[in-house]
Every structure is written in C-alpha cells, then in structure tokens.
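After this come two complexes, each holding chain A, first together with chain B and then together with chain C.
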Partner chain A sequence: MGAAGQVLRRGGDGAGGRSLRRRDALTAWLFILPTIVGFLAFVIGPIVGGLALGFMRYDLLTPPSFVGGENFVKMIEDQRILQIFGNTIYYVVGMIALDLVWALILAVALNSFIPRFFKVFFRAVFFFPILVSGAVISIVWLYLFNMDLGIINWYLVKLGLDRVPWLISSDWVRNSVIIMTVWNGVGFNMLLLLAGLQNIPVELYEAGRIDGAGRWASFGRITLPMLTPVIFFILVKGAIGVFQLFDSPFVLTQGGPGDASRTVLMYIWERGFQVLDFGYAAAIGLVLFLAILAVTAVQFATSDRWVFYR
Partner chain B sequence: MSLSISRRSFLKTAATASAAGVLAACVPAAPSTDDGAAAESIKIVFVTTESSDSSAVLYDPIKTEFQEEHPEIEIEFLGVVGAGGWGGYFDKLSVIIAGGETVDMGKIPTEGGRLAVARNLIRPLDEYIQATPELDDYFNDVSAELASVFVYGGKTYGLPYDYNNMMIWFNITRLAEEGLEMPPEDWTFSDFREYASALTRKDGANTTHYGFSFWTAPFGLCPWLFNNGLEGIMGGDDLSVPLQGDPAYAEVIQLLYDMMYVDETVPKPDAQNTGNFEAGTQAMMMAGRWPLSGFLQNDFRDWDVQYWPKGTRRVTEVGCGSWPIFLASEHPEAAWKFETKLLQRDSIAYFVSTGANIPSLRSVGYSEEFLALHDRSGRLWYESIDRDDIPVMSVTSPPEFSEMEQISNRYLSQVFANELGIAEALASTEQELNDMVARRPEDWAAKFA
Partner chain C sequence: MKEAEVVASKPLIPSGLRWNRGYLRTSTVLTVGVLLLLSLFMAFPFVWMLSASLKVPKTAFSIPPQLWPHEWRWENYQQVLFHPTVPIPRFFLNSLNIAVLVTLGQLVTCTAAAYAFARLRFRGREVLFVVLLTALMVPAQVTIVPLYIEMRFFKLIDTHAALILPALTNIFGVFLLRQYLLTIPDELEDAARMDGAGPVRILLQIMLPLIGPALTTLAIVVFTGTWNAFFFPLIFLNDWQKFTWPLGVTMLRGQYSQNSVTVIMAGITLGVAPVLLAFLVLQRRMIESIGFTGGIK
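Let's turn to the complex of A and B:
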C-alpha cells in the first residue's frame, strides 16, 4: 500500500476512522463557511430578491405588493425599451470588435522585434488608462468631443473637414462612447493577447517556415488559432461586461440625445432610482440577465468549432 | 511540558475562529443595558450634500458652540454625495431612509420639498416655531418671499437659511473688447439676443468667442419661462398641470434654438459653462451666485451681473436651502434645538462666508461683510428678491422632481441636437408629464391644498 493509501486508511474503517474523517470534513466546512455565508448574503440573496422584485410593485417607501406579470406587460408596451436594448447590443458588437482588433494589433506590435525599452514604455502607455477612473476619463473626453470648442473638431476644421457632432448626434453618439470606452480598456486585452503570443511555441513558426509559410500565412495558420482560447475569453468576458455598461455613457451623454446612447443598465437605474419603480426596474434586470445568459450559452456552445486548445 | 502545536491543530483552530467570527457578525448587537448614561446622551444624524468629513469641518464652529450649550446632544454628519444634481441627492436620500438608516435632519432644497412632504419624510415645524422666541429675529429679518417657500398645505416644513437666484453674468473684459456697456436692468429678450451676437467672434469656420451658453435643467429653464409669463415647467397649486402646450413655452425654446442654430452665438449643448466664461471664450453665462467661490479661488474678478432679461414680465427665480426635521427622527426636539442655532444670524452669516449662496436674512445680504466679497453689484443678489416690482418664483419642484427633470431633458436634448422639432418635443414632454401626474397617489393632493 502506497503512502497515499496509508494516509487515506489512517485510523482504519472502524469508529476511529469515521470520526477522523468527520473531523476532517468539519474542518473543511469551517474553512469555506465564511465564503459560503458571503456568497449567500451578497450574491444569491440579492439575485433571488431581485427576481422576486420583478413580480412586485415597489416604490421603496411603501411595502411591496405582488402584481404578477404586470411589469413584463409594461415592458412589452414600453416604447423606449427596444431602442435602449438596441443601443446595448450595438455597444456589445462595436466595442468587442474594435477592442479585439486594436488589442491584437498592439499585442502583435509589442511582440515584434523592437527594443525592450520601447516594449515596456508602450505597454505602460496603453495600459495606463485602465488605472484611471472611468468617470474622470469621461469628463476629459467630454472636453475633447465638444463640437464647437473641443480640440478634435478644432483640428478637423483646420484640416478642411467638417465638425463632427460627437455627442449631440444620434448617428455619432454611440460611436463616440465606443471610441472612448475602447481607448479606456484596450490595454487589458492587449496584455492578455501579448501573454498568449508569448506562449506560442517557437517550433510551430519554425515548422511553418520550413513548409514555406510567409508572414501572413503564419499569422492566419499559427498565431490566430493558438490565440483562440484567449480570444474566446475576451469575447465572453467582454460581452458580459458591455451588456452592463453604465459609467461612460452616464457621464459622457446622460444617455442622450433623447435615448440615443442610453444603455439597459442606465434605464434600470432611471426607472428604479429616479422614478422609484423598483419592480419594473427589477423586471428589466431579469430580462437583461436572461439575455446575457443566452449570449454566453451560445458562445460556449459554438466554441468547440473554432477554439483550439493544445 | 511541550508548548508546540501541530499544524493541523493550528489550522483547525484558525478555521473555527474565523467561522465563529462570521457567525457573530450576523447576530444583531444586544441593546445597551446602561440606561442611565445612554438616556442623557442624544445623537442627531444630520444629512448634508458635502462629504461627512467636509461637513464636519464646515459645521464645526457652529457645532462646537452648540455642544457647549447642549453637551447632551451630539451631532453626527452623514454626507450624501455623488452625481445627478438635486435629483440624484433625493434618490440617494430616499434609499438611505428606506434602508432603515436613522436620520434626524438634513439639507433639503426647494427642489426636494414637495417630494419630502408627499412621501412623509419630514414633519411640520409650526408648533416648534411658535414655541421658540429665539427665532423672532429670524422672522423679522428674512424675506417674506423666502419664508413661504417651504409652506405646503398651510404648514411650514422648512425655514430657508440661504438661496440662489439666476442672473446673467458678464465677462467685462469681453464687453470692453467689443466696446459695449453693461445692459440696463430692464433689458429684454431681444436686447439679450443682440448682446449675444455682438459678443460672438469667428475665425473663419471656427467660432473663437461665444456670446452665451445655456443649460436646460429645471433651474436653468425656469427663469426663461417665468420671465415669459409662465408658472414654470408645470403649474397649478399642486404642480399637476404641464405647461408645454402654452405658446409662451415654445417661444422660449425657439429663442434658445435660434441662438444656437440661426445666430450661432451659443455653442452646442455639451459645452462647459463656467470654465469657458472664466477663460473669456464665452462672454455671458447664466448662473446664480454659486460660481463665485471658484472665481475667488482662481482670482478671477473680471465679471459683473445683471438681472434676467424681460420677456413679458420680470421675475426672479429662487431655490432655497433648508434643514427640515425628518419624521423618522427619535429626537425631534433636540434636532430643533440645533436648527434654531443654525438659523441665528451669526450662523447664516458664517455659512455665506464659506460658500457661494445668498443669505436668507436681509441684514446679512446687505452687510458690509457680504458686499465686500464682490467687486461690483454685490447688492443685486439680495435686492433681486427684495423689490416690490419684481415678483419672486420658486423653481418648479413637483414631488416627482427627478422624473420631471429626466423627461424634460430627454426631449430638449433632441431639440438642441436638431433631431426633433420643438412642437413634437413639447407635445411628447407634456404627454409624459401627464402620465407621471396620473400615477400620483390620491392622498398627495390634500397635502398641498
């Protein structure tokens, strides 16, 4: 009998052995009890409470009353909800696509044969915005995007181009939010992709060169497939995060003009904390949760067709 | 005897202790059994718009004096800060109270008065006022216009300690550069529009200096509406009648729209107001007295103020600050004692010296100390509410102030983005405000009758 078997059978199968195993199990439960209590109190509890609230009428200052599916009927009749969900999906697609492409370009550039000093410098430069508060960044970009007095339009006019109504045009405002949010967060995904690039075995590229693969073939046949696990992670995490986008459009545009840049989470906040209709806000939250769940499930279900794990 | 302990034993003990700690934290604290000492010490929780630490510093001189007179009463400040203006403040305050936090008194402006009354958050003060001769000087000194701001349904829920109005500020350097003098106090909307044009400069396709900029939150929209003959965004004794259908309302929005898109004297609505004014790239701005503290800090003194231009009449808009006592307070008498202290002349004069609002007391508003803070036109601030020929009106503040603000802003933002016609925007605003009023509980009307 090996050492492990001896350990497992320590105390034997008799009463002494069972008592020891019970004590070991109790110790294990005691270790994880704080985490369980915290998880129940701060994660499961609010989720269940939120789900229940979706079937209630509650204005915070009077007791909640059960109203069945009234909030969901209200959602169907809500003339604003479609545009707001549409904005959110636009942000998900736009931000993830732009972020992924830009982060990949940066990561490939930083992984190339440039002096180490410049690698370290540019890595820090592109990562730095993540360290700054989103609200602060939004305020700075508010000045940059200003149509009449902002510096971006100032130089566009100097170049003979027309001013862009970055924040006051329904056609442009979502793109402005995307530009700012991607600029803010691209550094994190750049680091993930850079780590992925540095973990690709060099032998694969050598084998490719032997077989006559050029730079682009190497990128398409070796680099991208080897990066698919990281890309998958970025897509899943990114979608979950952008579906819950709040701070940047809140500070930058307050959801305007009209509802042109309003996200679902902003609308939940408005209905809950401005209109004090917490039941309806919770119902919208439930629908958002189901939407995120559905998208994530589809991503996982289709991942085995394109994600390559070594 | 060996004092060593096995790793297993240590880890078991640590796990047990941490689990015990978690379970203990879930048990509510037992009530104090020391009734003798606890009963004599009263804690008043005071809600403010500054952070708790900043409030402690700001109120410290008054609190120190008060606690020397009343050592049994302790004052604790609870700061409610963050984004969202007054609407955001009320939202957070409602959440705090609904969450069971005990608060005794706090800062509530005009914008939140009806909300607080409708939702039974604050108590009438009439009995306390009648029993407090120390407030005789206050009532002899406060403007009658301000004293009635927090009177709802015949009951007094707050006593103003300060207020702000809305004036037109002029960058006098820009005026001089264009060879202009300050306009007379009875200038009109047309005069104002001409001034904005004269003060706007272009450099090719770029505008280098704007004449004016505006913002359309309720406190910024109401002075235009008041001076064009309207009651505000909503009217009626209980503020249940949206006024967007009145032609005078559309006239005001059309004026602002034309200044932006026809005259091009106003930047697009995402412009920053005070900074551009101070930098000289914007010659006029609309504000109360609140920019003054920032200007003094930056040693910017090239400004003057004038009354709001006249549409069909002249009106001064006000928004007041008060410190109501919450219904949930377990120590209203103690809270009232502190409020009485806060409403003394010395206290009000102190607050005005530290901030950028206008004192509610006439003697302070015309005092040498107050006027000395201004290089020019210092008397205009209090005079604006002290004239028989200029009525005073409060900013539109229904119980659903946050929602009204959100509805109004949502449609006006589309108008000034040139994406929605004025008539359609105002019709939609009126419809949504009517829906908002229709959801009011039936008992609200009686509270404001």
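Let's turn to the complex of A and C:
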C-alpha cells in the first residue's frame, strides 16, 4: 500500500481525511444495502418464520394458531416419514458414491496421456448435461427407462440380460433416480477432480517411481491422498444438495410407486402446497435443516482424520 | 510391453509434456476407446431426444430402435411452436425475462457489495461479512414454506416478481467478486484517489474493467441456474401464461394435453438447442466458470 493511500484511507489527520473516511463509510453502506435487505427479507425472515410456523397450525384460510409441539409429535406418528427420510438418506449415500466414482473415472481418463483434441472433445461431452435443466431432461429419461418400449431395456435384452423394471419396481426406482441425477450432474465434480489432478506436482510421481511405486500404488498413495481436499468439498456440497433433491424424482416418478422414491422436499411440497398443512410442512423443513446441519458438522469434525492438507 | 514403455505411456503426466506422434501406444488407444464409450453414454439421451423429435409418432418406439428416422417429420417442431394449448414461445420469453433481470440485478448488487467489503473501510465490516456468509449454509428450498407465506403476504404469488425479488442479490456472488477485488493492487486505487476520484468513480472506471472475468463467471452461473430452475416456478406460478420454459415443457406431457412423444421431444429439443449453441461458442469460458465457482471453498 502506498504511503499516500495509507494516509487517505486511514483518515490520518485533519478534517479532510475524516470527511473522506465518512464518505467512504456512507458509500459502503449504500452499496451493501440491497444485499442486506435481500438477506433479511429472504434468508433471515423465512428462517424465523419457519421456526415459528413449525409450532403452529396454518392452512392459509384460517389465521395461524399455536399448537406447541403437535407437528413434531405428528411427525413421529407419521407412518410415511420413516420411508421418506430413509429414501433421502439412500439418495445422499448412493448419489454421492456413484458421482464420486464416475467423476473420478472421467477425470483420470481425461487427465491421461491422450491427444489434446480428444481431451477438449470429451470434456465438452461429459460437461454438457450440467447445462440442461434436470426436470426437463428427466422427461427424456422417462422414455429411455420405459419397461417395455424403452431403449435401455432393448439393449439389455440384446445383451442377453433381463429387462429391468426401472421406474415401476419399488426396489429399483431409487437407483434409477440416482443414475439419471448423477448423469445430469457428474460433469461438475469431474471438473473439480480434473483441476485437483492437475495441481498434483509431477515431482511426487517421479519420487514415487524412484521408490518403485507402480501405477496402482502411485494412484493409491499419491493421487488419492492429494485429492482428499477436493473429495471433502464434494462430500459436503453433495450432501447439502442431495438432501434437497426434488426435480428429477418429481418428473421421473412423482415419488412412486407408493412412497418408494419420494424425497423429504417432495413430502414438504405435498403436505404444504397440496394438502395446505403448512405448519406440518414447515416443521418437516426444520427437521431437514437440522439434518443437513448435523451431517455437515459430522463431516467437518471427522475431516482431519482423512483429509490431507499440504 | 517392456517396463520402459509402461513408464513412458503412464498416464498422470499432464503438464510439461506435449503430445506427439511418437507416443502412440496401446494404452492411449485403449483410453480413447474407453472415453468414446463413456461419451456415447453421456450423449445418448440427447441423441435419442433429437432423433425422436424428428420421427413420425408411431415409429418413435419401433423395434428395433432406429436412431436415424426413415421419414423426417419437421412438422413436429411446427406443431409444438404453434401448440393450441401450450404456448412454448411464451415460456421462452418468460424464462428469458426472468433470467436476464436476475442476472443483471445480481451483477449490480453483488459488484457494489463486494466492492464495499473488499476495498472500503467501515465499522463492522468483517463481522457483517461473516454474518452474511451464513446465508450460504441455509438452503432456500428448506425455507420454502415460510417464503411462500411471505410472498403471499406481499401479494406476489403467481407473479414473476416472486421469482425475481429473492434472487436479486446473492451472497455467493458477493463472495466470489470480493475474492477477485482483493487481488487488485492498492496502488491503482491510491493513484486515482490522489487525482480526487471518489469510490463510485473508482469502482466504475478502475475496478469494473479489471474484474471482467469474474463478472462473466457470475453471469454464466446465475443465468443458467435461473434458466433451468424448476422448483421455485412450480411453487410460485399458477397461470400457464406465466410459466417458465422448464415448468411449461414438463406440462406438455401433463394430463391436460395428449401429446405424442415426438412432439414433446421437439419441444425439449427447442429448449436444449440454444443452450448447446451457446455452449459451443462459449465452451472454454463456461467450463472455466463452473469449475472456478466450484473450486472456491
């Protein structure tokens, strides 16, 4: 920082400096004002409102009334809640695992020694699905997944395998949602991992080679440990995202068959906007929020055991 | 393969070494082959969509599947563009309108706030910034019920304003631009101050040109995110005429309209095509943008 700037910005001495500083502060508050208004109105407001609403009964038509912990008792007694939260946890684990493995395969393959033209081409193909709305492209998958007419099953039969009841079997449907959603989003984590791979110093591999490390050893002992910060980021961001899964199961399955593929957010939508039980919906939202916070906290608390920071 | 060759063709040596013909080896061919298979899988839904959008309805599911239509039905596109009940062009305009306003709004509010947090001094700056950052921890979907009631209170249900207003600022955008502004050397600003320039002029004339790449990044991320949004339009909009493209196009196969799969695919292709075109033109920029935003921790 230049000496002149020091004087000017710190205010230094004299009335000129002070008024300048005051002008800076005033400008700053004006510049931040829209963001603060938005923050209060659309982040803090809804959080406070949600906290209150969780303890109320409200159907939009009659004024809200305080009911204490009734909504939470109802949640415990609700036969569907366990299945729906179970589905969501299944999605969180399944999607993150598949996404991580898939993205890692793509990133490692892209990072290998192939002509530059292929790299650019493949990267574009793997990345493109991210840019397309998950809800919309789910319609296409709906036809691909069709049990009798779908092209996926046609190829499976061609390969001598059995038809898979992708969307109509309670046992399969969650996996189908996982496959479609990961296909849609895998390019993002692929890019992150690719950047992570390119940041690993070549010297590490050279040193490993001198010590006699083979291909797999250097992958396990050098590549993976060096990628753990990226993987940690993917786990945290992935869990927060998948806990709020809505679009793809909403279009692919509408939560069915039964509740077999319904997510918590879909249930909030149903209880609130279909049945108009807004207090109950808000209470489920609170529990979901706490679940996200808890999982994120656990992830951070356990991270120093396996995340390798340089 | 001899040991020396294995080492030479070893993957994982991205930097420093340039590809040349001498390195053509089995493992390279194998890798390209595997990548080709993977990319076929990644691209397949789009290929099928395009193919179905050009078919005669009764051949859409013909066995064996034919990806190359025997008879090209361009009328599918005509049919979906001038659909009697589903106004697809209207959906496009709505989505465009919302996405442009949200993007412009965020560019203005985020730049202003980021500049204040990065380069202006005022009491409580650090504390306020940390408080705002907590917004990144609260997913908006989780507070959808109280947000809906708030919007209803302001009589904004079934208006585009319900989608635009909450999205006019974005703490993530402030964070992104602030990181960028922090890297600009003080000397530039000090020189301008010596010449008597105020904060507004410094922001517009000195900072803005320097943070161009960050602004592009933010614009691309916000625009595509808003364009593709499904959940919030589903919650807040009731009137068909106000639907956004993702919401409207899913209605093509709703209970109110008996459309053949070929017409539905034409509708989807119409929406995916501009994205693909934009991607082909801006590919590097877009990939960098998305990768960049994810890379920030």
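Basically, the second predicted complex is superposed on the first by the 279 of 310 C-alpha atoms of A that agree within 3 Å, B and C clash if a C-alpha of one lies under 4 Å from a C-alpha of the other, contacts with A are read in each partner's own complex, and residues count from 1 in each chain.
Criterion: a residue touches a chain if its C-beta (ideal position, glycine included) is under 8 Å from a C-beta of that chain, and two chains touch if they have at least 3 such contacts.
This structure is a prediction, so every number in the text was calculated from the model and none was measured.
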Worksheet entry | Clash or fit (per the criteria above) of chain B with chain C on chain A | clash
Item to complete: Please work out whether A:D78 is in contact with chain B alone, chain C alone, both, or neither, and reply first, second, both or neither.
Response: neither
Worksheet item: Touching A:P165, do we find chain B (first), chain C (second), both, or neither?
Response: first
Worksheet item: Which holds for A:E70: it touches chain B only (first), chain C only (second), both, or neither?
Response: neither
Item to complete: Would you sort A:L149 into first (chain B), second (chain C), both or neither based on which partner it touches?
Response: both
Worksheet item: Which of the two partners, first being chain B and second being chain C, lies in contact with A:F273: first, second, both, or neither?
Response: both
Fill in: Per-residue touch tally on chain A - higher for chain B or for chain C
C
Discussion item. Taking the superposition on A as described, I'd like to know which of chain B and chain C A:T27 touches: first, second, both or neither.
Written reply: both
Fill in: Contacts of A:G256 with chain B and chain C, given as first, second, both or neither
first
Worksheet item: Is A:F118 in contact with chain B, with chain C, with both, or with neither (first, second, both, neither)?
Response: second
Response to the item:
After superposition on chain A, the chain A residues reached by both chain B and chain C are 27, 30-31, 34, 37-38, 60, 135, 143, 146, 149, 154, 250-251, 273
Worksheet, complete the sentence: Listed in rising order, the residues of chain A that touch chain C in the complex are 1-2, 4-5, 8-10, 21, 23-25, 27-32, 34-39, 41-43, 45-50, 53, 58, 60, 105-106, 108-116, 118, 121-137, 139-141, 143-144, 146, 149, 151, 154, 183, 188-189, 191-192, 194-195, 197-198, 200, 202, 205, 209, 215, 218-219, 223, 229, 233, 237, 240, 243-244, 246-247, 250-251, 265, 268-269, 272-273, 278, 281-282, 285, 288-289, 292-293, 296
Worksheet item: For chain C, which residues are in contact with chain A within the complex?
Response: 6-7, 9-17, 19, 23, 27-28, 31-32, 34-35, 38-39, 42-46, 48-49, 52, 61, 63-65, 109-110, 112-113, 115-117, 120-123, 125, 128, 132, 135, 137-150, 152, 165-166, 168-169, 171, 174, 186-187, 189-191, 193-194, 198-200, 224, 227-231, 234-235, 245-247, 249-250, 252-253, 261, 264-265, 268, 271-272, 275-276, 279, 283, 286-287, 290-291, 294-295, 297
Worksheet item: For chain A, which residues are in contact with chain B within the complex?
Response: 27, 30-31, 33-34, 37-38, 60-61, 135, 142-143, 145-149, 154, 157, 165, 167-170, 250-251, 254-259, 270, 273-276
Fill in: chain A partner contacts - residues on chain B that touch it in the complex
11-12, 15-16, 18-19, 21-23, 26, 83, 87, 91-92, 94-95, 97-98, 119-121, 204-207, 210, 267-272, 276, 281, 400, 402-403, 406, 409-411, 413-414, 416-417, 419-420
